[in-house]
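See structure below.
By letter and in written order, the chains are A, B, C, D, E and F; residue numbering begins at 1 in each of them.
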Amino acid sequence: MNPELFGFLMDRLFADGALDVYWIPVYMKKNRPGTMLQVLCKEDIKTTVIDRILSETTTLGVRYYSARRRLLWRDQLDVETRFGTIPVKRVKDPQGRIRHVPEYEVCRKIALENNLPLRLVYDTVAKEAAKKMTNDEC
Amino acid sequence: MNPELFGFLMDRLFADGALDVYWIPVYMKKNRPGTMLQVLCKEDIKTTVIDRILSETTTLGVRYYSARRRLLWRDQLDVETRFGTIPVKRVKDPQGRIRHVPEYEVCRKIALENNLPLRLVYDTVAKEAAKKMTNDEC
Amino acid sequence: MNPELFGFLMDRLFADGALDVYWIPVYMKKNRPGTMLQVLCKEDIKTTVIDRILSETTTLGVRYYSARRRLLWRDQLDVETRFGTIPVKRVKDPQGRIRHVPEYEVCRKIALENNLPLRLVYDTVAKEAAKKMTNDEC
Amino acid sequence: MNPELFGFLMDRLFADGALDVYWIPVYMKKNRPGTMLQVLCKEDIKTTVIDRILSETTTLGVRYYSARRRLLWRDQLDVETRFGTIPVKRVKDPQGRIRHVPEYEVCRKIALENNLPLRLVYDTVAKEAAKKMTNDEC
Amino acid sequence: MNPELFGFLMDRLFADGALDVYWIPVYMKKNRPGTMLQVLCKEDIKTTVIDRILSETTTLGVRYYSARRRLLWRDQLDVETRFGTIPVKRVKDPQGRIRHVPEYEVCRKIALENNLPLRLVYDTVAKEAAKKMTNDEC
Amino acid sequence: MNPELFGFLMDRLFADGALDVYWIPVYMKKNRPGTMLQVLCKEDIKTTVIDRILSETTTLGVRYYSARRRLLWRDQLDVETRFGTIPVKRVKDPQGRIRHVPEYEVCRKIALENNLPLRLVYDTVAKEAAKKMTNDEC
């Protein structure tokens, strides 16, 4: 399959409700470099997802099996930072420690507008969020 | 395992009746680049496939689990083209659209004999097949 | 480096004038999966590109060397198709054969608006372009 | 996630009792190169393994499913070789053929001390082990 | 590019005189999994190789640069083994140590005809070759 | 080549003075998954590095070419943290911004001894180092 089609398929699968989509490079018969598509979705959209793959790709078949997931507790807050108000995800690890994950798309926009490295914006926001939240609530 | 052994193993697994065989590059402990072998086969040759892997490779064990598949409807026809009669697979996607997939090995031979890009032979045959079949039957 | 930063870096490098940007998965010391960044650019923006990489990533150094390129002749035309006017690249291969490459972003939009597989839009436009151009000019 | 953290996580997972740990390079959304972690473990340490992953990485969730394994029979013997006594694993393939796998860490030490290629030490020990064991017991 | 075309291209490039051909999985813009083709060839067939790539693939350009090589001394001998006469490559490493590399295609045929693991045929031939040659000449 | 040999080779190449060593998964002819080794070293140990590769691996030849590097300015300081004195690298990016990179092996030991996620130790040390250094000197 033409690699240009993959990006489109990924967008459509996320729009269909897929929880995760990624490609894995594989080696196939007859010296063909291949790409294995893996999609994680809830049971109730399984048919939609399989239909999408069979329509958009050149594959002749789709394999599927059940898996379970364990997810960390998380919520989202707005935090005041030097760059303005930023949505920050709070994630609680199995020992109850909280870490703060700034919203990617917002940091991306700030980095572009201020001509700053994204890494720097990220770290600054995460640090300010951690400080603020410790004072505010814990 | 010596990489030269992989091609041989793949041939043998297909001869044993495997539906699909591919390698995935993985990173293992102690800084070892590894190769994960995945084989898809029907339940009834599972033992043959596992025996083959355990005989041909240096692995000490094989993991397996059940998966289900959904396959597109397909059949095969012979189509007259400017390059002669070519077997062409007809595949029906979930919306009922037909696409035509020329037989790889035949196109390969034609490309070699006529010193043409394989891509060109493929596209030409697929186009002629689509045209012909539309006239003939649909 | 956090994988979220890669997409941003890629956008910035293309905006800086890079001709090509891609990642290669590599295995590094101490069992670390790594990502090697390769950028192709003209000599005159070399410093900008290196600065960008050293600012946006956590790498401590950048390697570079000269390479030459051979490019196929190509131009772009607007072609009337059943989906409207589409920009199509004409590419001439070393034997002088022309192939037609529809503009990705336009096909993408059409596929979304008409709820059609991108593959189908692509093939249809390429076929119509090839037909039209043959009649018009060659 | 920072690639430096992967090596540490791997060590910890093996210390927790994991049977196998490896990384697979994957392509994620938004042009992010990712790394998929796969761990094989017995049912009884599943919670420990999932906790470890959720604590050491930045992932928000872990997927898991059951698989079965078939293992080759094996034991370990000490073999006298020109390099001293070396632990050698005996592995029996499905046809009952025995092969001899010298202990990696011991061969590694010998190669370093004698400034010899590891490949040479390995092959020599395997060959001597095969010869010795044939004479001794089979 | 369709992955089916890669195997064909590889065959053609070797027939053109390429010394080495391989694919590297890469991540490209717009979430496209790509495949980078690398070919090693002598200066005098450079144009043929570039033409071949530009004809058989959908790429618009090819990059090239000079590299040097250091090769080990090697020759080839016929060796009598329990499986008949086998061509065996002798390779001399930088310290002057000889190793023996049986011809892959011949071992492959023997393994198939005798229904033996290729690994076993390989190791047996290499061992017999090493023994024989030591007696004969060194 | 047996993947177990790669880790050993990497250790030896770093001991020989290589600046960087990594593997790239590649697809080779005859359906063989391969591993391309890339080593970066100064001109003066080129022969040592090539000899090492030709001795430790089964390759028959090594390719090499010249490249240049641009490195960021960096030095190393000892920083007092809640975990004791830690060596921290200071790196200056092209815009003159300083970032702090704690020494991996020391953080690793602390994480193990205190049963803490390595990620947490890393981030804490980097944050304390940044704070301390700002007060002390800038």
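The rule we apply is simple: a contact is a pair of C-beta atoms (placed from the backbone, for glycine too) under 8 Å apart; a residue touches a chain by one contact, two chains touch by 3 or more.
Computed from a prediction, not measured in an experiment: that's the story for all the values here.
Would you pick out the chains that touch subunit A and also touch subunit D?
Common neighbours, subunit A/subunit D: B, C, E, F.
Given that subunit A and subunit B are copies of one sequence and touch, is their interface built from the same residue numbers on both sides (over half shared) or different ones?
different
Matching A-D on over half of contact pairs, by residue number: which of A-C, C-E or D-E?
C-E
Find the geometric centre of each of subunit C and subunit D from their Cα atoms only, then give the gap between the two centres in Å, rounded to an integer.
The mean C-alpha positions of subunit C and subunit D differ by 40 Å.
Between subunit A and subunit F, what is the gap in Å from one C-alpha centre to the other?
28
Residues of subunit A that touch two or more other chains: which are they?
Only 1-2, 4, 10, 23-25, 27-31, 33-34, 55, 58, 65, 93, 97, 104, 117 qualify.
What topology does the chain contact graph adopt: line, ring, star, complete, or other?
Complete.
Would you tell me which residues of subunit B are touching subunit A in their complex?
Going through subunit B, the ones touching subunit A are 10, 14, 21-25, 38, 40, 65-72, 74, 91, 93-95, 99, 101, 104.
So in the complex, which bits of subunit C are touching subunit D?
On the subunit C side, the touching residues are 1-4, 6-7, 10, 23, 25, 28, 30-35, 58.
Per the contact definition, I'd like the list of subunit A residues that touch subunit C in the complex.
1-2, 4-5, 8-9, 25, 55-58, 104, 108, 111, 117-119, 122
Quick one: in the complex, what on subunit A touches subunit F?
Going through subunit A, the ones touching subunit F are 25, 27, 29-31, 33, 93, 97, 117, 120, 127.
For subunit B, which residues are in contact with subunit D within the complex?
24-30, 34, 36, 50-51, 54-55, 58, 60-65
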